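These are the structures, in structure tokens.
Shared chain: chain A. Partners: chain B in the first complex, chain C in the second.
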Partner chain A sequence: MKKKSGLEYIGKFGTYMIVLFLLIAGCLVSDKFLSLTNLVNILDAVSYLGILASGMALVTYCGQSVDLSTPSTIAVASFVSILTLKFGMFPMLFCTLASGVLIGALNGLVIGKFRINTVVWTLAMSFVFAGLIRVVFGSANIYPKEGNVELFEQISRYRVFGFIPLGVIVMVLLMAVLHIFISRSRIGRQFKLVGCSEEVAKYSGINVLKIIVLSFVGSGIAAAVTGLFIASLSISACYNYGTGYEFRAITAVVLSGMVLDGGRGSIAGVFGGVLAIGLLNNIMTLLGLNSFLQNVVTGIVFIVIVWFTNYTTKKLEALNG
Partner chain B sequence: MEKETYALEMKHIVKRFSSFLAVNDISIQVQKGEVHAVCGENGAGKSTLMKVLAGEYPDYEGQIFINGEEIKIDSPTKAKKCGIAIIHQELGLARPITVAENIMSGALPRKKGIFLDRKTLIEKSKVYLKMVGLDYISPNALVSSLSQHEAQLVEIAKALSSNPGILIMDEPTSSLSRDEAKRLFGIIRELTAQGLAVLYISHFLSEVFEISDYITTMRDGKHVDTVKKEDTTSEAVIRNMVGKDIRDFYAERKADVGEVVLQAKSLTRYGFFKNISFEVHEGEILGICGLSGAGRSELARALVGIDVWDEGELFYQGEKIKNRSYSEAIRRNIAYLSEDRKLQGLMLNLPIGENIVSAKTVSQSKTFWYKEKEETGQVKKLMEELQVNPPNTDKITGQLSGGNQQKVLLAKWLMTNPKLLILDEPTRGVDVGAKSMIHEAVKRHVNKGNAAIIISSDLMEVGGLSDRVLILYHGCQRGIIDKEQDNCSEVSLLMLANGDGAGL
Partner chain C sequence: MKRRWISIITASVLAVSMLAGCGGQQTADTAENAAEESAGEVSETEESGEDNLTKSKAIDWQSATDNAGNPLFIDTLIPEAPERPEDPDALPETDELHWYDFEYPYAQVEKLEQPESPADGCIGKKIILLSNGDHPYHTAYVEATQQACEIFGMEVEVMSANWDANIQTQQVDQAINEHPDLIIYKPVDQETSVTHLRKMYDAGIPVIGSNVMPSNEGFQYLLSFCGPADWDQSKLMAEYMAEQAGYEGGYCVITHNPGGSAYYARAYGVITKLAEIAPDMVCLDIQSPGTDSAENVKQVVSDWITKYGDELKVIFTSETTVQATGSIEACEAAGRSDILIGGIDNSEIALNYIQEGKLTCGTNQPPMQDGALPVLLAAKWFNGEEIDDYVFMAPAVINADNVEDYLPAQW
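What follows is the complex of A and B.
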């Protein structure tokens, strides 16, 4: 019995144990680690990832495994933002978010209605959109020609109170709102039930298609916001701006204790997962590891965590059964 | 009596799980060509005993003799070698591959050592298909394309392919209609005539009495009684299983009939059911009876808006309605307890409490926030009324026995306080004790001025519980029988007239 509660504890707070471990490790590695600048830098470095992962987590939470169309959604959003900037800031914001909503709704409708495998469909969508962009715009970056470029630049550069980047604020707010929505609201509860079993959810009176569409729309919006920030940072759009983000987002989601079967975990956990990735990368940078080696380590961490989650769930099941 | 050689003899079998005695000193003998039924409530230890025979628990105590020879069954392979074949309650077939490959999966015929010999595979599997009366099915058909009862028969064919001397069947008819079960019994008789010994586990006492020669009852892991079928009655067997007299199993219920709750006028869904008309009043239970595939569940699903209907009218409390979605029906206080509790009814990996509140808080309520805590009192009250065991709201639902899961499912829908409660197979695969508990709860709910519709393959249940029974046959309404004028046996007569050939 004691062993069981210990395992449950790890399942719930495991991410934060990793975060704590990394914090301690960071302090040992470098005395600059705990400085305010470094801590803000860590958050800054993972803020786009965090925004993306919290959207992706919605898809995972309602049992649809992962949304692999995010890299292309990011790219599409970066183009939409650069191209619509000439109409003004608010039309640009509206169009960028709308592009995310549309791609998400398309994914959700096709997957929810026709029961196509999520991984296959979203991966195909990713190729289609990346391909379309290259057909229309080629592989070169495009830059904004008209509109308020100075203000556009500020989206990724503005610091609230002079030191907290806007991206960090957006990430924290988004996660707080989603966390409360998922854990406390009735619709959030429907996400959980759909994640546990679509069939049972249907026979409990839940509109499963609606929930699946909502989750993908959430993921699409989050990817579009990420794309907007990336476009603002480089003041340009390019077909490959989202490349690699999806894997890191999945890593964060899995680190959070959200299993890919759905219905478990929380957005607060995803925040922990994102933090862990940020801390890990920061420590590796402080240690002087190059970015390729950092990728190797992130990949290995992913595999270990997936193995460990599987192991604890199986152990728990064995203890319960 | 002289010393006989039994096909299977178990002597003082004990199986412990840490300190818990799941099987406590059981001795059973089965002769060649004999069907020996093992009855007991869920959790009585029947399945554990069967698993001992199947070699899944090598740490049992006691002796097992096969054809007079003592054998220690310490692995499933050993069990197979000794000629023991087991057909599990849940289907164990690989759905995406062909019937032939499934049947012969234990010993796929090969040529030149490595290549699959397709010709022999097909020929051999044809022989076994014929044995179970499925000679009309192509061995090359995919299992996923078969109906459930055909799949069940394929499973039996698969068991036969190892040429067993002892066949163990665990609830083989739970997914079969009466007609299909009849066919299965014919097959069992043919096999026993050839000298096969059969151990038969079932909840359906009528079946047990139909097929078996001896009946052993178990309770709490202990052996209660072994008798020749001729020397006992189903009442006695039930008494032995439950440990108390339940003469009032289907006690008379005085229906206090009120207003019409639901009225259907010539409801039709093309290809599923046509021209269904009925009324159900407050304080009344309407039974719907028919074979699986007669359109019973389709009718129920159409009533609550999960499926559609094409023609006809539906009136609910005097108002003409058409539920466009299931949540609309739930908000009208109509509940549908679906037929398959594992796939459609309960979130098996969530705690009991969350399951019970789910329909009310998530589908019926219209608030923005999810409010679970406020329902705790009501949840506990329902769990107490239904005697859900363990009485712990945090227990994971998947760990409960089938009977308790079914109680949780009923509690989930009673939470929504339904004016009309539609029950689809509310006690399938459930032990006698849980069954009567569920029946009592339904009756209590109906006596409060609500209505219920009950769909069941268990004729005794439909006949015993309902005030009137609607007979469906191939989607057509064959009549409504009133309990006050007719009785159960006449229900069965009508079923007979429908080509079902069932007796109660």
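What follows is the complex of A and C.
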């Protein structure tokens, strides 16, 4: 019984144990590690990743594996934000978020209705949108020329109380809302049931298609917000602005203890996963490890955590009979 | 049945999207039109008894300008390689001769016999540009290649490999089958470039390498190579930044993507030059956070500021869009406006930052002139003129004093 509760504890809070371990390691590595500036920098560095990962986690949580269309959604959103800035900030925000909603809804409808493999479909969509952007814009950068460019730039640069980046506030708020939504609301429980077993959910009267569409819409919105921040930071849009983000987001989701089959994990865990990535990168740079060695260490840590998650899950299943 | 149809539709979407996103192939309409016109002009010329060669040589390319009104064909330099040390690896990394084989990869190459120039004029000739991939820089490059071909009355077909060596391999075969008069080749990676160049050489098609260097062995198959003087521009930037920093203080370097010639040139050009002219400047760290995410670069630079504090005086970036943005944002967030940041190339972002005083300098690596240069060499070769084996664009530093000369930006 004790062993079971111990494993359950690890399954639930394992990510934060890693975070704690990294915090201790960071203190040993550098006396500047615990400075407020450094800690804010760490959060700032992973804020866009955190926003994206929280949306991706919805897809994973309801058993749809991963959303590989996010790089293109980021790119599309960055273009939409710059092209619509001339109409004003609110229309720009509306259009940017709408682009994420539309791509997410399309993904969710096709996958939920026709049961197409998620990886294949979202990858195909990623190619479609990346290709379309290049057909239309010829792979050139576009820059904001009209509208309130200064305000647009501030989206990624504004610091609340002059200290906390807006991206960090958005990430924390988004994760808090999604965590409550997933763990406390009726629809959140339906996400879990669909993630555990679509058949059971279907026979329980749950509208499975609606839940799947909602999860992808959530992922699309998160990717669009990420695209908006990236466009603001770069003061431009380019077809490759989302490149690589999807795999970092998947890493954060997996580090959180969320199982790719769905139904397990939490958004709070994803926050832990994102923090772990930020802390690990910070410590390795403070240690002076070069980028190639950092990749090796990140890969090893990733493998160990995935193995450990699988191990505890199997043990728990065995103990539960 | 429904599922089967959906599967077919999905597969089709995937296939179509891959074709759209990857391996884009464009034909330059304007160049084709120009070529048709030129062909028409050629026959008219023959009718009037004039020679195509004479008409080709009479083309006024010197007055051609880019979108900013600057000359499309700029000053070039012909490199002179020093004597190779017996064992470059035995020298320290801060010695420029340690990087001899990287800086002068062509110096030890014995070129194979090249095809004879037809010497019958450039007008009406067909060129295929095998481009490495899509990028704002290369968009401007291709635009200039097409513009230059139009000027010389040549037809150009562009094939972009979308950074995929396998796609480029297929495009090499396709290009050979089309029997163009010349190929301009920008390799996706150095590993596969030898095979590609050997195939084109065996097919008897003259090839001009451009922009990115092939592997050392690949140079033997080239009629000529032209492109940015990567080592020279990074050394030039190092000289300027050292002067601005008072020849002292710690510096950090953000490299280009590993695998290409720019990775070594843009990092070790700086490091070796500073070791030579500013021995009091200490290299604190070198990192490769990539060229895709300003957020990643920002994190690395923030960590440097935490670790090195006031010791960090200068940051060198290997490009000026993502890397310069990430560096500037990290410094601003930390209230370290005293850190000098210098980057290689001249994107619109860079020029804006230089005007705002956020970027100390950039370098003049104009994509349009880069794209026009191989066409000029090709035209000269078709006209029977001698062309140099290696031709580089003369580099320059862009700073607050001269940035106006480089506006508007090309990309």
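We adopt the following convention: the second predicted complex is superposed on the first by the 316 of 321 C-alpha atoms of A that agree within 3 Å, B and C clash if a C-alpha of one lies under 4 Å from a C-alpha of the other, contacts with A are read in each partner's own complex, and residues count from 1 in each chain.
Going forward, contacts are C-beta pairs under 8 Å (C-beta built on N, C-alpha and C of every residue); 3 or more make two chains touch, one makes a residue touch a chain.
Here the structure is a predicted model, which is why all the values come from computation and not from measurement.
When the two complexes are overlaid on chain A, chain B and chain C sit side by side with no clash. By the touch criterion stated above, A:168 is placed in contact with neither chain B nor chain C.
In the superposed pair of complexes, A:58 makes contact with neither chain B nor chain C.
Once the two complexes are laid over each other on the shared chain, residue contacts for A:82 go to neither chain B nor chain C. Angle at the C-alpha centre of chain A formed with the centres of chain B and chain C, after superposition on chain A: 130°, rounded to the nearest 10.
In the superposed model, C is the one of chain B and chain C that contacts more residues of chain A. Of the two partner chains placed around the shared chain by superposition, chain C is the only one that A:128 touches, whereas chain B remains out of contact. Contacts of A:202 after superposition on the shared chain: chain B is touched, whereas chain C is not. With chain A used as the common frame, the shortest Cα distance separating chain B from chain C works out to 14 Å. Comparing which residues of chain A touch chain B with which touch chain C, the overlap is empty. Residues of chain C that touch chain A in their complex: 2-3, 6-7, 10, 13-14, 16-22, 24, 134-136, 138-140, 255, 258, 285-290, 292-296, 298-300, 302-304, 306-307, 309, 321-322, 325, 329-330, 332-334, 347-349, 352, 411.
The residues of chain A lying in touch with chain B in their complex are 184-190, 193, 196-197, 199-200, 202-207, 263, 320-321.
Within the complex formed with chain C, the residues of chain A that make contact are 30, 32-33, 35, 37-38, 41, 44-46, 48-49, 114-116, 120-121, 123-124, 127-128, 130-132, 134-135, 138-141, 143, 156-157, 159, 165, 230, 233-236, 238-241, 243-245, 278, 281-282, 285-286, 288, 290-292. Within the complex, the chain B residues that touch chain A are 306, 325-327, 329-330, 336, 338, 343-350, 358-359, 361-365, 367-370, 396, 399, 412.
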